[in-house]
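Single-structure report; data block below.
Going by the order they are written in, the chains are A, B and C; count residues from 1 in each one.
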Amino acid sequence: MTFRQEMKKALLTSAWFVFLTFPILVIRVNTIENVIEWRWLNMMWIAAGSFILSLLWSFYFGRKTGDPGKKTEAFAPADKAGSLFRNPRFRMPALVLTALFATAFPFLFSVYQTSIMTTALMYVVLGLGLNIIVGLAGLLNLGYVAFYAVGAYSYALLHYHFGLGFWVVLPLGGLLATLFAILLGFPVLRLRGDYLAIVTLGFGEIVRLILENWNEFSFGPSGISNIPRPGLLGLDLNLDTATIYLYYLMIGLCLITIFVFGRIRDSRIGRALIALREDEIACQAMGIDKARTKLLAFALGSTWAGLMGVIFAAKTTFVNPASFTFLESAMILSIVVLGGMGSILGVVLGAFLLILLPEYLRAFSDYRMLLFGTTMVIMMIFRPQGIITGIRRTYQFRGGSIDGATAGK
Amino acid sequence: MKRNPIISMTLFWVLGLFFTAISYGNATAAETIKIGVAGAHSGDLASYGIPSVKAAELVVKEVNARGGILGRQVELLVEDDVCKPEVATNTATKLASQKATAVLGHICSGATKAALGIYKDAKIVVISPSATNPELTQSGRYPNFFRTIASDDAQARLEVDFALDVLKVKKIAVLHDKGDYGKGLAEYAKKFIEESGKASVVFYEGITPGAVDYSSVVQKIKRSGAEAVIYGGYHPEASSIVSQMRRRAMKTTFISDDGVKDDTFIKVAGTYAEGVYATGPKDTTKNPLAIAAIEAHRKTYGSDPGAFFLNAYAGMQAILNAIEKARSTKYKAVAGALRSHYVDTPLGKIKFDNRGDAIGVGFSMYQVRKGVYVQVR
Amino acid sequence: MDYFLEIFLSGLTRGSIYALIALGYTMVYGIIELINFAHGEIYMIGAFTALIIASVLTTLGMSGPAVLILAGIVAVIYASAYGFTVEKIAYKPLRGASRLSPLISAIGMSIFLQNYVMLAQTSDFLPFPNLLPELPFLESTAHIMGSTDFIIIATTAVVMVALTLLIKFTRMGKAMRATAQDRNMAMLVGVNVNRVISATFIIGSALAAIGGVLIASHIGRINFYIGFIAGIKAFTAAVLGGIGSIPGAVLGGLVLGWTECFATGYVSSDYEDAFAFALLVLILILRPAGILGKASVQKV
C-alpha cells in the first residue's frame, strides 16, 4: 500500500470514529437538570488518536500481509519469555531468585504490599484451578465463582455455627466445592461448548441468588462478619503478623497447586483431558470415558476454588454475596486466557498482571476497567494463545533403552 | 550461574537501602496529621463516594488555612475501595500502614464491615458518612466505629410508625431490592410491623434490581390488597415500581427510604411521584453551616454537592475537632473525645454515643408535593 | 382468572422485551457461533443515543412523534455502526482462532463499552422520557395492559415476521443461511462471507437499538449497566428457544418472560432469576438444542 493510500485510509478511519463517538463523547445530557454540554475537544482527541492508531495498525498489518515470512518473526520475540523459561540454564537461577524474592518480600515491603501480593497469589491458585477445567479439558466454565463462594461460605457458616477453625475448614471447603462440582457437573457436562458456558453462568447466578435471598441460611446480603484470620498454634497474631502469615500460607498453597497442576497435566488423566479438548469423538473411540473424565476435571478444578474461598473469607474476615458476581468469574477466566491456556507460568503472570496492575494504577482508577477491557480485546487479537503458550509435551522414543523417554519441546 | 547469588544479594542490598531511604523520607515528613478517606471513588457507585472526598478536601482546606490542628497540617490519604469488601481490606491495610490517625469512610456497609477489623487491630478511628447497617454499631464489636448517619432500623422505625400512626393503614406490603441496604431496612420494617400488632404484613418479597419490568410484582401487590407499600432500596427501581403502580390506577401509598429521597426520583417518575413518602435526614437547609458548606462546594467545584456530602462534612469536622480536643492523635484519646465533646456541624450539634451512633442525627418524613420533597414530620 | 390474565400479560411484555434483544443474539450466534457479550452494550448504546438525540431535539423546540422517530432512527443508525465496528475490531481478526478467544474478546468489548459510556456520560441513572404515544383504544384496558406494553409486543411480532421473511426470501437471507450452515462451503460457492457477517451484525444491532428505545421508554430510566443484565437474559432466551432459530428466540423470550412472571406471581419474586436459570438448565438437559433448535449431528 502506498503512503497516499495509507493516509487516505487513516483519514477515513478517523472520520468514522469521529462519527461513531459523536453523540456519546461530545454531547453530555443531564436530563435531570436539562442541561446539554458540548465537548468539542473530545472530538479533536478522537480524530487525532484514531488517525495515529489507524496508521500504526496499517503499518502492523501491512507488514504482516506484505511478507508472510515475517509473520512468524514478529511473533517470535514475544514468545521468548516462554522459551527462555524453559531453558534450564536460565530456569534454575530464575527460580532461585524468585524464591528468594518471594521469601524476603514481606520484610522488604509494607504490610499493604504483602496484602495485595497475597490477593494476587490467591488468583494464581484460582487461575490454575480454572486452567484444569478450561485450559486442559476445554470446558468453558463461566460460573467458577460459585465454587469460590461455596468455599467462602463454608468457612463463614461453619465457624459461625460450630466454631470450626480455619485449618479444619480449609480441606472441608475444598471438599464441599468438589461435591458441588460433581452434583452440578453430573447433569450438565454432556452439554457442549457454549451451552455449557451459559448453564455454568446460570448456576453461578443461582448460587449468588440463594446466598442473597435465603436469610436463614446465609444471612442475606448483609453478609457474615468477624470471621477469624487463620491461627498459628493458638498465638494471638496482630494485623501485621497475620498478614505475613497468610502470605506465606499462600506461597505454600501456590507451590502445592503448581505441583499438583503439573502432575495432573502430565498424568493419564491430564492427557485424556487434553485429548478430549481436541477431539471428543476420537477420544471415545480410543476408549476414554468422556463423562467420567470431564467430571473429574470439573471436580479437580473446583476444589481449588473452594480452598481459595476459605482463604478469601479468612483474609477479608467478611463475606457477602456481592463478592461473587459474574465479573469475578470473568476476571479469573481472563487470567487463564491472557496468561495462556494450559500453561503454569502464563497463569502466574496473568494473575500478577491483572491483579497487581489495577492496584498500582490507582491513579487511573477511573480508566482501570476501560483499560482492562481494551487489554482483553487487544491480547486476543495479537496473541490469542496468551502471554505464555502452553506447550504440549511430546515424548520421544529413542532405541530400546527404557529411560530414553525425555521431555522435550 | 555462580554469579547469581551475588547479583541477587546486591540487588537486595540496593532494594533494602532504597526502602530504608524511603521510610526515612517519610519519617521526616510525618509532621502532618494523616486522615484517610476511603470509599467508592471509581466505578458505578462512585457517585456515592466522590462527595465525601470533596467534603473532606473542603474541611481540610479550611482547617489548614487556619494553621492546622495542634500546630500540624492535615493531610488526606484518599483511597478507593470500589465498594467491594475484598478491595476494602487492601485499602484499609494500606491506610493502616501509612499510619493514618483516622479514616472517613467507608461508603458501603459491606466494605465497611470488611475493613473495620483491620482498623480495629491498627487502632484507627473510623467515621462513616453513609454506612447504615445497624449491626455496625449495635453489635458492639467495633469500638472504633462512628457514623454521622442514622442506622437502618431508625429509618424503618420512622417509616412504620408513620404508616401505623399517621396513615393508619392495616395492610402493608414490604418490598426490597435484595441489596444490603434495602433488604436490611425491609427486615426491620417487617419486624416492627409484626411487633406492633396494629397492622399485618400481607406481602414480603424482594425484586431484582435492573430487571426490565416490574409489572408482575405490581400485580401481586395489587392482589394482596395492601394499602401501603414500604420499599427498601434505591430510587431507580422505586421510580419504575411507582410508575407501574400508578399506570395501573393503583392508589396504594408508597413509603420509602433515604435511597429514594433524591430529586432524581421525582424527575424520573414525573407526575407519578406525587404523594410518595420518603424518609431522609432532617432538613438542614436552614442550618447556616450547611448553607456555607454547600456554598463552598459550589465555589470550589462549580456544582451542587452529591449524596452524603453533609454527612461526610460533619464526620470530617468531628474527627478534627476530636483530635483538637484530645490534644493528641492517640486512638483512645480521639475516640474518647468523639464521645464526650459536642461539635457544630452542618447536621447540627452532634456527638457520639457509646455505640458510635451520632446523637442529634435523625430522620424526618418527607412527601412529594408539587414536584418537590416537603418535610411532613 | 383476572389475576392469571394480568400475570400472563406481564409475562408477554417482559418476554417480548427479551425476545427483541434475543433476536440479535441468535442471528449472530447462528452465523459465527459466538456469544456476542457486547450485544447487550449495543442495546444500551442505542438507548443512550436515543436519549441524547431526544434531549437535543427537545431543547431545539421539537416535540411529539417527530422526536421519537428522529431519535429512533439515529439510535438505529448508531447502534448498527457500533455493531459493525465492534465486529471489525474485536471479532473479525479472530475468525479461525480457537472458540475461547472471540468470547474473551467479546467480554472485553462489553467491559470496554460499558466503561466508555460511563466515563463519557455518567454512572447515575438518567430519566428517559416516555417517547411512545398513548394509544386511545387502550385507555379502557390501561390497568392490565398499557400502550407501551402493546407497542412492545406488536413491534416484536412485526420484527419477527420481517426477519423471518428476510431470511427466507431475500438473497441476503439465503447467503446468511448458507454461511450459517457451512462457512467455507458458502465461500466456495461465491458468498461474500465477510459482507454477510457484517450485515448480520448490522441487522442484529439495529434490532437491539429498537429494543433499547422501546424498553427505555417503558422503564423510564437508563444507565450504562442496563445492557449487561438484559444481554444475559436475552442470551438465555435465545438458548432456551434454540439458538440460531428466529422463531425460537421469540418463543424462548416469551417462555422466559412467563416463567419469571408466573414465578413472581404465584411463588415469590425472590427467586425469579433462579427459576429462569433452573428452567434453562432443565430444558438444556432434556433438549440440548433448545425448544425449536435442530439437534446437530456432529460430523467426523
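In this text, a contact is a pair of C-beta atoms (placed from the backbone, for glycine too) under 8 Å apart; a residue touches a chain by one contact, two chains touch by 3 or more.
Computed from a prediction, not measured in an experiment: that's the story for all the values here.
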Identify the chain whose mean C-alpha position lies nearest to the mean of all protein C-alpha atoms shown. A
Sort the chain pairs by how many C-beta pairs are in contact and tell me the top one. A-C
For subunit A paired with subunit C, centre-to-centre distance based on mean C-alpha positions, whole Å: 29
For the pair subunit B and subunit C, the C-alpha centroid-to-centroid distance in angstrom is 37
Rounded to the nearest Å, the gap between Cα centres of subunit A and subunit B is 33
Could you list which residues of subunit B touch at least two other chains? 43, 46, 178, 206, 264, 267
Hey, what residues on subunit C touch two or more of the other chains? 122, 127, 270, 273
Sequence positions of subunit A contacting 2 or more other chains: 31-32, 213, 366, 369
Sites on subunit A touched by subunit C in the complex: 16, 19-21, 23-25, 27-32, 34, 36, 42, 134, 140, 187-188, 190-195, 197-199, 201-203, 205-206, 209-210, 213, 281-282, 326, 330, 333-334, 337-338, 341, 366-367, 369-370, 372-377, 379-381, 384
Considering only the defined contacts, which subunit B positions touch subunit C in the complex? 43-47, 178, 205-208, 210-213, 215-217, 219-220, 223, 235-236, 239-240, 243, 247-249, 264, 267-270
Listed in rising order, the residues of subunit C that touch subunit B in the complex are 3, 6-7, 9-11, 13-14, 17-18, 118, 122-125, 127, 142-144, 146, 149, 215, 218-221, 223-226, 229-230, 233, 260-262, 264-265, 268-270, 272-273
Could you please specify the touching residues of subunit A with respect to subunit B in the complex? 31-32, 89, 92-93, 96-97, 100-101, 104, 108-112, 115-116, 119, 212-213, 215, 220-223, 225-226, 238-239, 243, 312, 315-320, 322-323, 359, 362, 365-366, 368-369
Under the stated contact criterion, what part of subunit B meets subunit A in this complex? 1, 4-5, 8, 12, 15-16, 19, 41-43, 46, 79-80, 83-86, 88-90, 93-94, 96-98, 109-110, 113-114, 116-118, 121-122, 133, 135, 141, 178-180, 183-184, 187, 206, 263-264, 267
